[in-house]
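Sharing a structure below in structure tokens format, with a few things to ask.
We call the chains A, B, C and D, going by the order they appear; numbering starts again at 1 in every chain.
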Amino acid sequence: MGERRITVIVHGATGRIGTNQHLGRALLALRKEGGLALADGDRLVPEPILVGRNGAKLQALAEALAVERWTTDLDAALSEPGEAIFFDCAATGSRPALVRRAIAARKHVYVEKPTAPSLAEALELARLATRAGLKNGVIQDKLFLPGLQKIKLLKDSGFFGRILSVRLDFGYWIFDGEQQPAQRSSWNYKKREGGGLVLDMFAHWRYVIDRLIAPVTRISALLKTHVPSRRDERGEPYAVDVEDAAYALLELEGGIAATVTSSWATRVRRDDLMIMQIDGTAGSAVAGLHHCWIQPLVATPKPHWNPDAPQPMDYFQQWQAVPDNTVHPGSFRRCWELFLRHVAEDAPFVPTLLEGAKGVQLAEAAHLSQREKRWVDLPELML
Amino acid sequence: MGERRITVIVHGATGRIGTNQHLGRALLALRKEGGLALADGDRLVPEPILVGRNGAKLQALAEALAVERWTTDLDAALSEPGEAIFFDCAATGSRPALVRRAIAARKHVYVEKPTAPSLAEALELARLATRAGLKNGVIQDKLFLPGLQKIKLLKDSGFFGRILSVRLDFGYWIFDGEQQPAQRSSWNYKKREGGGLVLDMFAHWRYVIDRLIAPVTRISALLKTHVPSRRDERGEPYAVDVEDAAYALLELEGGIAATVTSSWATRVRRDDLMIMQIDGTAGSAVAGLHHCWIQPLVATPKPHWNPDAPQPMDYFQQWQAVPDNTVHPGSFRRCWELFLRHVAEDAPFVPTLLEGAKGVQLAEAAHLSQREKRWVDLPELML
Amino acid sequence: MGERRITVIVHGATGRIGTNQHLGRALLALRKEGGLALADGDRLVPEPILVGRNGAKLQALAEALAVERWTTDLDAALSEPGEAIFFDCAATGSRPALVRRAIAARKHVYVEKPTAPSLAEALELARLATRAGLKNGVIQDKLFLPGLQKIKLLKDSGFFGRILSVRLDFGYWIFDGEQQPAQRSSWNYKKREGGGLVLDMFAHWRYVIDRLIAPVTRISALLKTHVPSRRDERGEPYAVDVEDAAYALLELEGGIAATVTSSWATRVRRDDLMIMQIDGTAGSAVAGLHHCWIQPLVATPKPHWNPDAPQPMDYFQQWQAVPDNTVHPGSFRRCWELFLRHVAEDAPFVPTLLEGAKGVQLAEAAHLSQREKRWVDLPELML
Amino acid sequence: MGERRITVIVHGATGRIGTNQHLGRALLALRKEGGLALADGDRLVPEPILVGRNGAKLQALAEALAVERWTTDLDAALSEPGEAIFFDCAATGSRPALVRRAIAARKHVYVEKPTAPSLAEALELARLATRAGLKNGVIQDKLFLPGLQKIKLLKDSGFFGRILSVRLDFGYWIFDGEQQPAQRSSWNYKKREGGGLVLDMFAHWRYVIDRLIAPVTRISALLKTHVPSRRDERGEPYAVDVEDAAYALLELEGGIAATVTSSWATRVRRDDLMIMQIDGTAGSAVAGLHHCWIQPLVATPKPHWNPDAPQPMDYFQQWQAVPDNTVHPGSFRRCWELFLRHVAEDAPFVPTLLEGAKGVQLAEAAHLSQREKRWVDLPELML
């Protein structure tokens, strides 16, 4: 049982998610444990190289994490011989150019979502990587949230019967910086800096719905800029030029109806910041990030609508929690394990760059629906 | 301080709502209390005449309620001299013909919603009654639900600041009659009998939203027949040819966004069978039929999205209940008091037949949006 | 982006507050973080010199805190060239003489409250420092208690509407040393040593009320020595010659009424050792040191006074907690940051020595009111 | 063991308190039980005569309560021979004239508080009744509230040790009639109609404090009209010309300090609408209308004031409830039993009209203190 090593060129390591999730809880955790156990008994140890523009920051981070290698010269890193993965979790705007350079250098490619700012670019990257015979993929971490894993368990067990409808509600109140500072960066509210709720979240909603329930076939969206003027990190006022809320109707394969609401300007009276409700003929479930509650048909109450008297039922007590029977190792860690196996032993892998392009497709369709005030179909994407 | 009497010809008295709400809790309750106190000190006593086709049923009801007069001859009742109100709470299909007869007999007209099966008919009735100089109106009872009255109190007090968005969720699980009998009549699921969720509920949603928040200006709807085959009251299977769920995006005056979901095929994990959430810059509220909870901006929490750890916040504890400071006399009673004052002393009255036509307009627009897969505008209705 | 240094001569460093708050959590914390970030990008590093009479104690403290400089020779410290701040947190009695020496040496002056034992002295110090063109100030740490910061947030947001009344209740049971040792030093109960509840706490109440609500304009006070004989730290009995409780009515600008009770001889059945309730037309709030609860007009209950039956309402459940959306860096730290910016870059600064004199004014007025059994006005103080 | 009868001429029977408390729960309850058991074994049966100006109302009430006698002719009732009690619970303004007529007719006199609109009149009534050798008294029902009875039990048992201070907080939010109707009658806010918080409540506070703790010796008061314009029962605006809040410092015999706050413009975050806290050297108690909590010295916690960290103590959990070991027969019933025994068997009786005058004295002193901005002494009242 030997040890294999694979270089992972990490671009965007100094960002919060790069540092904490991709490095700390995934790549470095795997390295500390002696590597990932492969099917043949070997262990695969990822060897990260941190890449970025700010040398001082990179050096400080490398020291803090005890990572040996860092550089500001991406081409040097890419030109090293041997099998390697190029991973990008920096800003979306420069992703296509970086990925093209990595493909040219014949490195496998793994990226954060969205895979590109436009569907055309996203598709092009998928085609380039595939034609070059390189492994490629996109992070789909939300699938591994404990709450959504419970939905998957229920779906796979046939709990729902025939699924009728899905509701996905996401959001919370982001302060506008007037009386209280905002808890999200101001770039989220600026088009030029890659902001906008749709580009941020619809990449997630696409794979969550496609893979947990059924593929999305069409969309009607209403996008809003509820809070048009805000104050930034230094207290300076600025105008918001992207949507901060998106309300969408979706239709899925099999005629399933879905409503998806996402807002940075709502107050939360539900089980979690994101919840997903699935109604089926045989039962329903509501999941948050971690917890999930079910109500099978045989335990469905029969309430009566009587406006003259306060309801005698407590509609929350009528659901049962799905217990936590599994230890969840972390969503990003799960993503990395799948891709590393895909690279090292050609294990099956679903979320390729083509799958990643679907998230961009949904976001573009939402904007088109808003502009043309109509439903927009989502045709199948082809390489 | 004298006593005045007004005849109310009640068509549809033997139905559940006719018997319990319109007669029992409104007209007969007012009569028992000695009439409605008018502004000039007089008391107005309603004198019902029950009208229908089944004489035996009418007689039994009249005896049970201690109502002196009933008849199967509507024309006879309409041809009596003197001021009178014709009230119809029977099936929608025959309403236009009945109302036309009442107008021809120069009776004031008051009806349950929807005022007609189509917008064209609804508008025609509104025009006929108005041109004849007769008082006319439609029941809008949901406005007086204690929970929605609290929303009104909040709105009038300026609690919300600028309103950004509205969500209205209605529905519960109607059993299909297989293992357990359905708790709604089978006619609700048959087009020919005036069924369909949209025609039933959108008349309510229109006035609730128009009058509590802001007028609806356009709609995009997704209608579904989630459960296409059911068993009726006798256990016989039948096919459903109307929608049993409707998912809609609405835009209101001032750019407010609204999502409205209505379903007879969903399981309830919320505060009530119908809830309405309003988000504003200065605060949010969630109301059920009776209760209402608020969260002002100054008490809005600042949650952090952290999928690695279960949320430390309880998102239900962060809301405060609006107390029950008022005794609610019953929603239908409130509707009748307003219309009786309108008839007797020309008091201001909002829900005329023209207002009632707006509910039919919204229902028609929902169906059109579904057919043509686009947003449908709601132009202002004119007499 | 350079580094600037400023000498801070700390007199009274060996006291509990001097060591823990002013040095540990403020000056030394700032120094450890590389200084305070100024508007021009420079960082201002405070360099403390510990001054006192007991050389051994000073040396031990300096070593424990890793402070390089200490001395028992105040004049030597004051005569060093260069810009410096003289800070005094030792006993109030000797404060005027020390501050006069510092002003003569042209050092900026920052002191704990009360700024002097009498209003005449307090005003004189304010005049001397101002006329010498030196920066001067008084610590007003209670303003930065998280609970009171929430009151400020509410006030600034207009939550209260028109403010009607304020209640401030402070106190707890200080054991008398008979069966259990006292938890406050015996000097607090001796006039000669600067004791007395009024001199201690009214300096706080003045700025808390003036700056959070509205300026105090007059006072009626009832002072009491509830427990006239006590045992000191060595178990020796002594007579108390100052008040240990003060009950006061205040009137504020705009006709607001305030009741302020302060007692070292009361037992606590309220949310915190100090609470402040503010009632306004649009809402009320109750704040403790850290937490704050609100009840807006729209959620105000309508209780009925019925002595025949136990109250059905829980008057604590009807309030909503204001969430902790901000990290509080420590009250004394906040005071120091403001004064350091005032010295280094002439940033605006409210709590000058003239403001500090107002606290002494309120304490003197309380004593005068007690002696003459009448309300005492608080005229505006002039330099 | 015989049965004796005593006539009680009830003036003001049609008011809420007259009907429910004095008649329903006291006089008629006693009559229904066969009378009050006297010391000699006889039973004393009260025989009410209802007196007032509105004959129709009196007749209806008499029938509803099964009372045989009613009249609109007070002089006729008073001129009947035999021993009788004249009882007045109608408006205060006409009380002196009525009581003088009763005394002239040589009837015993029992009245609701306040006994007269002014101290001079109250004293005159006390003198007239006493000199005529007639029994006389005032209702002091609050003493018998279960919560205050527990205070009395504690006081009598020596629980408090030496009493140091008293706090009495009363009040709640009375709506102003704008968005929600007021829950108190508009006459409470009009001087001409006998309104004003002080006249209403200070009569209570005087006997509660005098009799439960110690006699009041002086007062300093701050009176406020917090809400100067309101809407009455018909929605008409009116100006308030009396105080709606009173903040008072009191001194009691023995140097005890008391603070008494009473407000119709405050929101309630305490155990009850009225609470009373008593601090003594050996223990403290807090009582509401029904419940009472204690903290003896040996169970007194030693909290530390530490603004840097949220308080670890729950200051409500540190008190113990006094259990309900006694059935309370109703406060007004207790008042009547005492006065009936006083009349029938010359049993000792404290609350004479002279005691009643003390309540008026406190109210007048509060107004004088407000006008002259000084403490006002309360000299002993002499017949």
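As a working rule, contacts are C-beta pairs under 8 Å (C-beta built on N, C-alpha and C of every residue); 3 or more make two chains touch, one makes a residue touch a chain.
All values derive from a computational prediction rather than experimental measurement.
Trainee: Report the chain whose mean Cα position is at the greatest distance from that of subunit C.
Mentor: B
Trainee: From the mean C-alpha coordinate of subunit A to that of subunit D, what's the distance rounded to whole Å?
Mentor: Roughly 68 Å separates the two chain centres.
Trainee: Using Cα averages as centroids, what's the distance between subunit A and subunit C in whole Å?
Mentor: Once rounded, the distance between the two centres reads 50 Å.
Trainee: For subunit B and subunit D, what's the span in angstrom between their mean Cα positions?
Mentor: For subunit B versus subunit D, the centre distance works out to 50 Å.
Trainee: Using mean CA coordinates as chain centres, what's the subunit C-subunit D distance in Å?
Mentor: 42
Trainee: What parts of subunit D, by residue number, touch at least two of the other chains?
Mentor: 175, 179-180
Trainee: Can you tell me, using the touch rule above, whether these chains form a line, ring, star, complete graph or other shape?
Mentor: other
Trainee: What chain-chain pairs meet the touch criterion?
Mentor: A-B, A-C, B-C, B-D, C-D
Trainee: Which part of subunit D faces subunit B closely enough to touch in the complex?
Mentor: 175, 179-180
Trainee: Touching subunit C in the complex: which residues of subunit B?
Mentor: 153-154, 157, 159, 294-302, 318-323, 325
Trainee: Which of the residues in subunit D come into contact with subunit C in the complex?
Mentor: Its residues touching subunit C are 25, 141-142, 145, 164-165, 167, 172-173, 175, 179-180, 183, 218, 220-222, 224, 226-227, 245, 247-249, 251, 255, 257, 259, 261, 263, 265-273, 277, 279, 281, 283-284, 286, 288-291, 293, 295, 297, 300-305, 307-308, 310-311, 315-316, 318-319, 330-331, 373-375.
Trainee: Can you check the complex and tell me which residues of subunit B touch subunit D?
Mentor: Residues 153, 156-157, 325-326 of subunit B touch subunit D in their complex.
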